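Take a look at the following structure, please.
As written, the chains take the letters A, B, C, D, E and F, and residue 1 is the first residue of each chain.
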Amino acid sequence: MSKTKKKSSRKKWTRVDGRKVDELRPITIETGVIPNADGSAYIEMGRNKIVAGVYGPREMHPKRLSKPNRGVLRCRYHMASFSVDPRRSPAPSRRDSEISMVMTDAIAPALFLERYPRSVIDVYIEIIQADGGTRCASINAAAVALADAGIPMKDLVASCAAGKYDKKIILDLGDYEDKQGDSDVPIAYLPKLNEVTLLQMEGKMTQKETEKAIEMAIEGCKQVYEIQKEALKKKYGMVDEAATAEEETPEEPIEEEQKPEEENKK
Amino acid sequence: MSNNIVSRLKRKKIQEVIATGKRMDGRELLEFRELEIKTNFLAKAEGSAEVRLGKSHVIVGVKAGVGHPFDDTPDKGVMMVSSEFTPVAHPTWEPGPPNEASIELARVVDRGIRAAEVIDMSKMCLISGEKVYLIFVDLYVLNYDGNLIDACSAGAMAALNTAEIPVYKVTKGKVELTDKTKKLKLGAQPIAITVVKIGNDLIVDPSADEEEVLDGRITITVDEKGTINAIQKRGAVGFTVDEIKKCINIAKEKTAEIRAIALASK
Amino acid sequence: MSKTKKKSSRKKWTRVDGRKVDELRPITIETGVIPNADGSAYIEMGRNKIVAGVYGPREMHPKRLSKPNRGVLRCRYHMASFSVDPRRSPAPSRRDSEISMVMTDAIAPALFLERYPRSVIDVYIEIIQADGGTRCASINAAAVALADAGIPMKDLVASCAAGKYDKKIILDLGDYEDKQGDSDVPIAYLPKLNEVTLLQMEGKMTQKETEKAIEMAIEGCKQVYEIQKEALKKKYGMVDEAATAEEETPEEPIEEEQKPEEENKK
Amino acid sequence: MSNNIVSRLKRKKIQEVIATGKRMDGRELLEFRELEIKTNFLAKAEGSAEVRLGKSHVIVGVKAGVGHPFDDTPDKGVMMVSSEFTPVAHPTWEPGPPNEASIELARVVDRGIRAAEVIDMSKMCLISGEKVYLIFVDLYVLNYDGNLIDACSAGAMAALNTAEIPVYKVTKGKVELTDKTKKLKLGAQPIAITVVKIGNDLIVDPSADEEEVLDGRITITVDEKGTINAIQKRGAVGFTVDEIKKCINIAKEKTAEIRAIALASK
Amino acid sequence: MSKTKKKSSRKKWTRVDGRKVDELRPITIETGVIPNADGSAYIEMGRNKIVAGVYGPREMHPKRLSKPNRGVLRCRYHMASFSVDPRRSPAPSRRDSEISMVMTDAIAPALFLERYPRSVIDVYIEIIQADGGTRCASINAAAVALADAGIPMKDLVASCAAGKYDKKIILDLGDYEDKQGDSDVPIAYLPKLNEVTLLQMEGKMTQKETEKAIEMAIEGCKQVYEIQKEALKKKYGMVDEAATAEEETPEEPIEEEQKPEEENKK
Amino acid sequence: MSNNIVSRLKRKKIQEVIATGKRMDGRELLEFRELEIKTNFLAKAEGSAEVRLGKSHVIVGVKAGVGHPFDDTPDKGVMMVSSEFTPVAHPTWEPGPPNEASIELARVVDRGIRAAEVIDMSKMCLISGEKVYLIFVDLYVLNYDGNLIDACSAGAMAALNTAEIPVYKVTKGKVELTDKTKKLKLGAQPIAITVVKIGNDLIVDPSADEEEVLDGRITITVDEKGTINAIQKRGAVGFTVDEIKKCINIAKEKTAEIRAIALASK
């Protein structure tokens, strides 16, 4: 992660909140915030305030949605009426539905769903305050909440966006940059598997810019990843160089399969 | 059926302990759990309160807007209290439109505020019959461990006391947003106290377990002058007049304690 | 019931409809008005016109709502679109939901629900014309309809409100008094068990006033009770000093367990 | 399946009796049950009718209001007929939004009134394209024992004939309620008669049992001059042209009898 | 079909689109247009553009709607949002529900539903473009689609309307004639059984006019019938003088039971 | 479970064939099925396209109207893309409100058009904050055989390119319809290409069978200048950055081919 040099060359141009082009907003993650949930996490990413809670694996209701040979991951992204300005209706929107779907796709590759036939893992996301990039922040919280629930994972899922604003490719757009910018590319990434599991984009960019944004977002995800691990360590005193994906160790609260460092380095 | 037996055993146990003048968690019969209220912590809401009452965890958001008055009160602003039981808050809660319990919660909190004339709605009119202020009080339950009415009532008052709403003005028959904000002037400080009957004993601030086995409950909303603004009895048993009087006395006593916490950050 | 004296002392102040402070509106109750129902009643209480119909005990649909060890009482309060002015939408409102809940709580204590495992007793209330105090009038009709259905009861449920209007505590508020008054306290009461099973309040009253209203409403309930019994006698030539609550006599069309007169007299 | 056998036996029995020229309840094939209509009995509706046709029991409420016209008829008032099947009316009817039968009932009654131009909608405009009179005709079924279309059609005409709607006036482009009321001027008096085919026989005014086993039915709405305004055929059999002609003849004959009762209190 | 003479006598009066009073709009029918469906047809009747698709007989979902001793025919009439001007909401209307019901009644008599206990035959109608008379055109397409699905039929169902426009009884009203005309009588007809299975009417006509319209519409249906058979022949090289209704020959793609020519005439 | 086995066998077969560089239907991996687009074939829509992509069959209707702008864009017209999965299109599709797949289809097509600024919404305002043009793009699926996004995206562009919308003018503050029409001026010609990953192979234009067994898919919307406007990744696997770049390259290549067909009738 030798980004310091790159950044110094762009000194004069500044972002709305003074960040460098490839600087994340401040992130704090706390685990175990919902006592009733099997696992939970609270994230602040910029001014986003988001709670993720996990229930499961548990029996699926309604049963017809269960699968005979594998578990189902069900994410529900939901915004509090007071999370945005102006107030929004509490009824779920089409946008909420779509984000729930792509979040599910972003997280499912990190789980061993084949271990839970006929069951469901429910991940509930409650957006308390929204500030641009809620879907990425939600995925970050969800991944930590799943780990907090003791659900074995191939890897944590880290998520963050890059985009184009005022002709520059920048990392982790805030609300203002998102709305005034030219495009936004939210990414979710499994660092150890080196796989992108969420990828969306909206706006106007050349192919080169798009690829640059994807790569910048991946670097951002790697930083998020460290913060996620830190949050879990704080709770579990944890456990970094543990099992491998192939082993079944469901007793482990988290199952992080470290691959050789080189692979992670892109 | 097994569930049923569990519930009956739980009831027996809780009742036995209460008979000794104590609660399962060591509290006195008329003792609240610790109540913490944090206000004004949401940037996109005009007012907000985060309430923790034991493990019950609720967020109250106050939002203001402009809209049509009701047909029968053309010169009055509109206040609406709504409640959302997020699925993250309890393993048995499911996503969907408000259920009966959620509707009751919102209506009981609403009734206390409305009857006490906390907000002088006749001062919230912009253009008679056309445009008035809308005040939304949204109750958002993040973790359920009993006594949501009292938690939400206190949180709603804390949020209303600290809210600053944008000021609109009417220019040539058009409503315009100014850059000013103003505090709401509150006409009273009603607080709801719920007294629960288990067997022949009366307790306050029931936990989720206690609510599961209760026989009846009476919620009494009392303002700072001791005026009673609302009562709501629920549960499939009756109360004698003497019991009702005891409940009112308990509520009057407890209301000061809870009000002090709710208004601490006023 | 020696109220005549009290009333005479308030001669000069008169109510909108000329009633004495503690005088009920005229009440008529008729049974068996819905041929298809297992039991039914029609009440006029003031200008309220309400039909109550009972179906059951019968199999519960959907089954998941049934209880393995007891029956479920399910009341549904519903207003005809033309029952109020202006016309209301036929879709059920949040108010309807809440009234259905408190009505159920008001009536359930009078039934032997433990006798009907897995079953439901449906009580459907249709408000044909509304005139203040619909919930009380509905409970009165429902109790008679349940008796008409031959469902054994510990007691009839009698209901009536008292409230504060123009500084006075008065009985059984009509529509105008309800809307212009300071507060309203609807009560449901089981005379023989001396228990209050419905208690709500909204407005502004001192503790003393509230207690006075409750006591006045109970006296009102006792008068309603006589009218209910009269309506049933008219049909069944009935049956006053019958079984006791402890005996199981499900064959009896109605099971009124009279306690000694003294107890009823409060 | 057993239900099915019961139904087939019932059908056999009903058909056998009809073959003798009589009905199960002793009526002639083309004889109505007793029809009673009471009008103007609801204080909060502009018009009302309580209809009892045998044990079928229906209330019709007419309400007036002011609202927007339809986009394609900016100068016309709006009439809406809706129907509610209350759950009290039949053991198998459940609460909820209108089912198919309820929708058809409202639409067939509506069609007759609309096609006959009972209300001259072009005289119900207040401000072109903005404000027109709304006339709601709400059909409310309290007990079902067959032939709701005829009962509701007669009830709707009885209610419209006796309705008095509030008069609005337009002052400086604003619609204002006056304290006057006016009768609706009706342009025609259409009445619906339903003829039912069971086997090869035609009967009128089917009971619930007869409706359960019918093969087909044709409803014909005829005004006081003999003009046909609406026809509706239902049921899973066909009719020959001769049968249709017979049905029309029966309807024309019966319509006068029913109209006389509907208009008795005009 | 000796209509040529009649028509010539009305030469001077012309219809909006130049047709003779008893002339159908141009009709084209194509089969097999929906590859996934078991049978399908596309009809253009005037400017109506309608697709009908058939699935079944197949298992009924939800099961409680199935019948133990017979199959259920389920027609669903549905208009595309862009099929009319102005755009309509895609949500089904009350009109759609009613048309679905009467279409089902129109078609069911042509099927051997008793052969398919517990099953359903789904007929889905998609109105791509509407031009007056959609329900008739839909029935015509549905009948051909059912034949295309190889479902044995007693007869094809042919449908067409007649009505009164500018004092004349005319056949197959187009959109303009429908909206400006005095009445419309849609008919469905089984030529071989000589039965009318759809009959509706709305407007103002004398009994004589109504009967004339019915008869004219039946003549129209007979012409439609020929076009339907032609469409099927084109595909199946077909099969006119085949089995009889009494025989069960489910292997046959279509089961047309020809009765003697004489019966068909008139 | 058996379904499951069938699906696994199907997957195995499809994957084996793809490994040989061909598809089940003989296509190359990066070969589209035949795409046919017919435009302007609907009289009641302002624009229309009928798209056949293999056996997938979609109709796109463009409708224009006048309505309110969104609160936060008072000077901009409103474009809405909606999608309807008709039950005729596939044996497993049921009538009802849009499901998740239908919502995603509409949103992905919408996003491409919106991000590319195909329609200059700032020129679609009539009265600021009150009246703007509404442009509806309705996707209507008549037969499903895979790759609906690409088919609908191409169809939407074809329909928009050939649409002529009515011209409204503002006279004295009122919006009036003129008898003129105008073509929409389109600012870009974005086309969506979906690349599917099965095992390690990438293919385009998946059939229904291929979609059933896919691991992941990425849809990339590219305009005529090569600008990327939208990306959407779905499926429960991740993509490497290299795979993503390959997908973008494939999309850029294919987009020209599909655009040429979509604009052929411009």
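The rule is simple: a residue touches a chain if its C-beta (ideal position, glycine included) is under 8 Å from a C-beta of that chain, and two chains touch if they have at least 3 such contacts.
None of the values given here were measured: they were computed from a predicted structure.
Undergrad: Which chains contact both chain A and chain F?
TA: Looking at chain F and chain A together, no chain touches each of them.
Undergrad: Count how many hops through touching chains it takes, at the least, to reach chain E starting from chain C.
TA: Contact-graph shortest path, chain C to chain E, evaluates to 2.
Undergrad: With chain centres set to the mean of the C-alpha atoms, which chain is at the far end from chain B?
TA: E
Undergrad: Scan E-F, C-D or B-C for the interface that duplicates A-F, counting it as a duplicate when over half of the contact pairs agree by residue number.
TA: B-C
Undergrad: Based only on mean CA positions, could you tell me how far chain D sits from chain E in angstrom?
TA: From the centre of chain D to the centre of chain E is 28 Å.
Undergrad: Calculate how many whole Å lie between the centre of chain B and the centre of chain E, each centre taken as the average of the chain's C-alpha atoms.
TA: Taking the average C-alpha coordinate of chain B and of chain E, the gap between them is 60 Å.
Undergrad: Could you put a whole-Å number on the gap between the CA centroids of chain A and chain B?
TA: So the centre of chain A lies 34 Å away from the centre of chain B.
Undergrad: Roughly how many whole angstrom separate the Cα centroids of chain A and chain E?
TA: 55
Undergrad: Residues touching two or more other chains, restricted to chain C: which are they?
TA: 86
Undergrad: Can you list the residues of chain F that touch 2 or more other chains?
TA: If we look for residues of chain F contacting two or more partner chains, we find none.
Undergrad: Could you spell out the chains in ring order, with the walk beginning at chain E and its first step landing on chain F?
TA: If we begin at chain E and move toward chain F, the chains come in the order E, F, A, B, C, D.
Undergrad: Which part of chain D faces chain E closely enough to touch in the complex?
TA: That would be residues 1, 4, 71, 98, 100, 103-104, 106-107, 111, 114-117, 216, 218, 226-241, 244-245, 248, 252 of chain D.
Undergrad: Which stretch or stretches of chain C touch chain D in the complex?
TA: Per the stated touch rule, the residues are 34-37, 40, 47, 49, 51-53, 55, 58, 61, 76, 78, 80-87, 90-92, 122, 124, 126, 128-130.
Undergrad: Under the stated contact criterion, what part of chain E meets chain D in this complex?
TA: The touching residues are 67-69, 86, 94-95, 97-98, 101-102, 104-105, 108-109, 183, 185, 190, 193-207, 210-211, 214-215, 218.
Undergrad: In their complex, what parts of chain F are in touch with chain E?
TA: 42-45, 48, 55, 57, 59, 61-63, 65, 82, 84, 86-91, 94-95, 97, 136, 138, 140, 142-145
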